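Chain nomenclature is as follows: A, B, C and D, assigned in order of appearance, with residue numbering initiated at 1 for each chain independently.
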Amino acid sequence: MLPEIVAQNTSPSLSVPWWKVVYNFSPLTEWIDKSLHNAMTPFWTTVTEMLIIGVLILLFYALVGLFLVYAERKVCAFMQNRLGPNRVGPFGIFQTIADLFKLLFKELVPIKNADGFLFNLAPYIVIIASFMAIAAIPFAKGLHAIDLNIGVLYVIAVSAMGVIGVLLAGWSSNNKYSLIGAMRSGAQIVSYELSVGLALITIVIMAGSMQLSVIVEAQRDGWFIFKGHIPAFIAFIVFLISSTAETNRGPFDLAEAESELTAGYHTEYSGIKFAFFFLAEYINMFIVSSIAATVFLGGWMPFHVSHWEGFNHIMDFIPPFIWYIGKTFFVIFMMMWFKWTFPRLRIDQLLTLEWKYLLPINLVNVLVMAFIVLMGWHF
Amino acid sequence: MRSIINYLKEIILGVWSLLKGMKVTGSYFFRPGTIITQKYPSNRKDLVMFDRFKGEVVMPHNEKNEHKCTGCGICELNCPNGTIEIISKTIITEDGKKKRAIDKHIYRLGMCTFCALCVKTCPSNALAFSQKFEHAVFNRALLIKTLNKPGSQLMKGVE
Amino acid sequence: MEEKEIIPVPDEQQEYVINMGPQHPSTHGVLRLLVSLKGEMVKNIQPHVGYIHSGIEKMCESMTYTQIIHLTDRMDYISAHINNEAVCLNVEKALEVDIPDRVKVIRTIMSELTRLQSHQLWWACFGMDLGGLTCFFYGLRDREKILDIFEETCGGRMIVSYNCPGGLMYDIHPNFQKRVKDFIKYFRKILPEYDQLLTGNVIFHERTKGIGKLTKEDAISFGVTGPTGRASGFSCDIRKHEPYSAYDRVQFKEILFTEGDTFHRYVARIEEMWESMNIIEQLIDNIPEGQFAVKMKPVIKLPEGEYYQRVETARGELGVFVISDGNKNPFRVKFRSPNFSNLSVLNHIAKGFKIADLVAIGGSLDLIIPDIDR
Amino acid sequence: MDKIQLGEFIKSIARDVEIKEGKQYLEVTVTPSILYQLARQLREKEETHFDYLFCLTGVDYGVDLGVIYHLRSTIYDHVVVLKTRTSDRGNPLLDSVADIWQTADFHEREVYDLLGIKFNNHPDLRRLFLDNSWGFPLRKDYVDDINIVTK
């Protein structure tokens, strides 16, 4: 069943308007793939494709990271009656680039009695975990690095790997604050991974597939958050909360809790190693937001209201990539809003929230969703 | 049953209280008019300090380069932390009398706590506060200032 | 310090000791807490103070009374005006000077404004201690308005130096009344927003309710005063018990709670802000005409004896104890600072709670470190 | 109780006390040996109930070293000042009242730190502000050529 859907959607029919053809990236990627195959052996084709994708993702990664840091600073500044960065470039847009250069040139302070190998390894693990997750995200039709048939599972699994880096960083720094931060982070991710998974499973039940492209296609006639009645909405809220926790962002930023542990697990890091942690935090935020956008808000699918043909046409005209980015940034904005409004939770309350509230709600929610799907009550 | 209702009530009230908080921050986010940041170095021109602002101690001179300081040393006595040092000299007035007068009124800005005791206790109102507030210099020695201008004299009629 | 030999310690005695401070974001200055942990649980706290011990009491012994006033600014720098007032009141009491009504009323208004701005700063920092960074900016935004009032009248923002024995340094600025009234009008609108952002928040409730309980008996025994003591039910408002300046002619409530936990220490301060605004509103339109200072002798000599003056600063009871031997310098000055006693209770109430609670409790005690060290 | 009643009450429970009506408060001078007993009685007796030690001051009188205790009752709102002094400058030793009023713990440490008065039975008598090699700065004979600058 699955390959049929994919095949059906990748072949553009003539009745589709031109922009829909243009907005479909699969002919382009297929053409690149074909011409590479003509030029060299399959092995070298794969290598070249990997390189191209790697470089593109790296660029995208850096750009998104820089932009998100800037966006966060501006958003929090406006919420706090401030202007935020406003010196470097117009409206301070080059502020993060200046910060990047500052971090690049900063001294990497060696730590006495630290476990040197693990200390240096930790930032890479954190950044690789987020780097791997980005590969599976569909940015637009036909525009993703790899369309795994277990995409959802893959993203959950890979993004949870980051905690190993956090634990290593805390343990190897030879700093007591770092260790407490790392331990907190471990407990936190282990718990909240559960909620993230269950919230996504609610939608997987509805979509009938774990493949992200299929999930997006299934939302052509309505986003899952609208299609799935209340359970989908609850799942969305739960996902929002638990993914905020999973990315170690406020109000769940216990691992780095500034007022308690100074900087938590990355207290001892400086320069580019610190920048890796910093960047990974924002990219993780981007990844969980794009998962939320893909699974709940229809990914790159435009917003449609049934029977409003004119409105739907206008919506179709907006490129899918813009839709995707817009939805992602909406979720990111929500997460920033949380962070800059709420006080931080305590570690036991954090676990209480997960095990006493989110998990039971989630389990009931999954059941309800399964029932709804079974009875065919969804739209 | 009751416990389930309480459980749900707890959740709904909790979420409601969180939404109230988000309303506050959100309302400020969408009202950029409430921003209070001042772009300091670029707004220097229209940055006016209050007229009583205690920037630094100065000795006002008139256009004839005259001040009112008689060199009595009361400010030096009153200063809690030895900011002011007065070096006096003896001059001979027109009618041939020997008289104590100020040679140097040394003011160490780096030590001053701006308590205004010197200004308040000066019997001839020779000292005042200026509104200047940018005192940063690259050399600590520059913070030691001589308040009376070179060649200045005591104003006529001030004893 | 010589290095110690490492001796193996049995498991149950092992402690995970962390140094909170002297440079730590939530100790509000250079306070060092030696915290023994078991997991996240706080087992014991040893406060180490003295990092900014400036010997104010020793310095006072070689200074005149007029000069001492300007040292007290540096103790509790957030409620500097009230400290100044304490010394002035003590000197005036010793000399039996009759102070004009105008001075009394202005001093009271200024004290209450100081209390307001101190509580605003505390609210800002307390929010930040709990992780809500936005509170910090809202608190400081509103505090700036009071500091502007101070700057216009006194010339200083935090360290106002507005008192002198016998009255005030200068008269109030012509704009003073209007500005204060504008501020009260503005702040009455803003203060409910504080409640929406923090007081009602469910996370905040979870973080503060039942945390760091201090009973009334312990509060009295530890000498914990101010809003911290009153949240435990210790009626210790000097403004009520020994009214000074113009506090005997205004109507206000003494905020008393019995729970004594972090949440009620918080609420006590929020309520005090409302009360301060009430006091200011009662006085601001009725500032009597008259002199702003009594003419004093240039060199003030207190008659031989001991003088004690208590005032209510934003953090509790400040006592100024002067022993005079009849000279122009005091023989001995002791400042009974509120934070010193409030700090001593920290170990007692924070034991058994988590690190995050320690930060919350420390924030709710509202410690100002120079006041502890003096 | 007012000052006179208080004075008479104190006379009735302790001998060797010198009672003076100060300008503000009732001042009671006692010898170090009976200080602890008197303090305990003042705290525990229902009639006085001095449960709040609001100030503890160490004083160097030039020859003697002394400590002044300001006590207040939160129920009756009366105040008494206890004074004691010792002439032993080398090893001044007084009884600690830290088990009567817990606030005395820190205050006595401060007095020990700045004046060098030691307190018997104090739970944790360490220096508070200064390090161990420092002298006792609030003593009148304290000299410090580096840190004290005089004009």
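The rule is short, and it goes like this: a residue touches a chain if its C-beta (ideal position, glycine included) is under 8 Å from a C-beta of that chain, and two chains touch if they have at least 3 such contacts.
Just so you know, these numbers come straight off a predicted model, no measurement behind them.
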Remotest chain, subunit C as reference, centres from CA atoms: A
Pair joined by the larger number of C-beta contacts - A-C, A-B: A-C
Rounded Å distance between subunit A and subunit C, as computed from the means of their C-alpha atoms: 46
Subunit B and subunit D, separation of their C-alpha mean positions in angstrom: 41
Centroid spacing, where centroids are CA-atom means, of subunit A and subunit B in whole angstrom: 51
Whole-Å gap between the CA centroids of subunit B and subunit C: 24
For subunit A, residues contacting two or more additional chains: 79-82, 340-342
Multi-partner residues of subunit D (at least 2 other chains): none
Shared interface positions of subunit C, touching two or more other chains: 134, 141, 197-198, 201, 203
Touching pairs among all chains present in the structure: A-B, A-C, B-C, C-D
In the complex with subunit C, residue positions of subunit A that touch it: 76, 79-82, 176-177, 180, 184, 250-251, 253-254, 257-262, 340-349
Subunit C - residues contacting subunit B, complex: 63-64, 66-67, 69-71, 73-74, 134, 141, 144, 148, 151-156, 159, 161, 164, 169-170, 173, 193, 196-198, 200-203, 205, 298
Residues of subunit B defined as touching subunit A within the complex: 11, 18, 21-22, 24-26, 28-29, 32, 34-37, 39
Complex contact set, residues of subunit B against subunit C: 13-15, 17-18, 20-21, 23-25, 36, 49-50, 52-54, 78, 80, 113-117, 120-121, 129
Of subunit A, residues touching subunit B in the complex: 75, 77-83, 86, 337-338, 340-342, 357
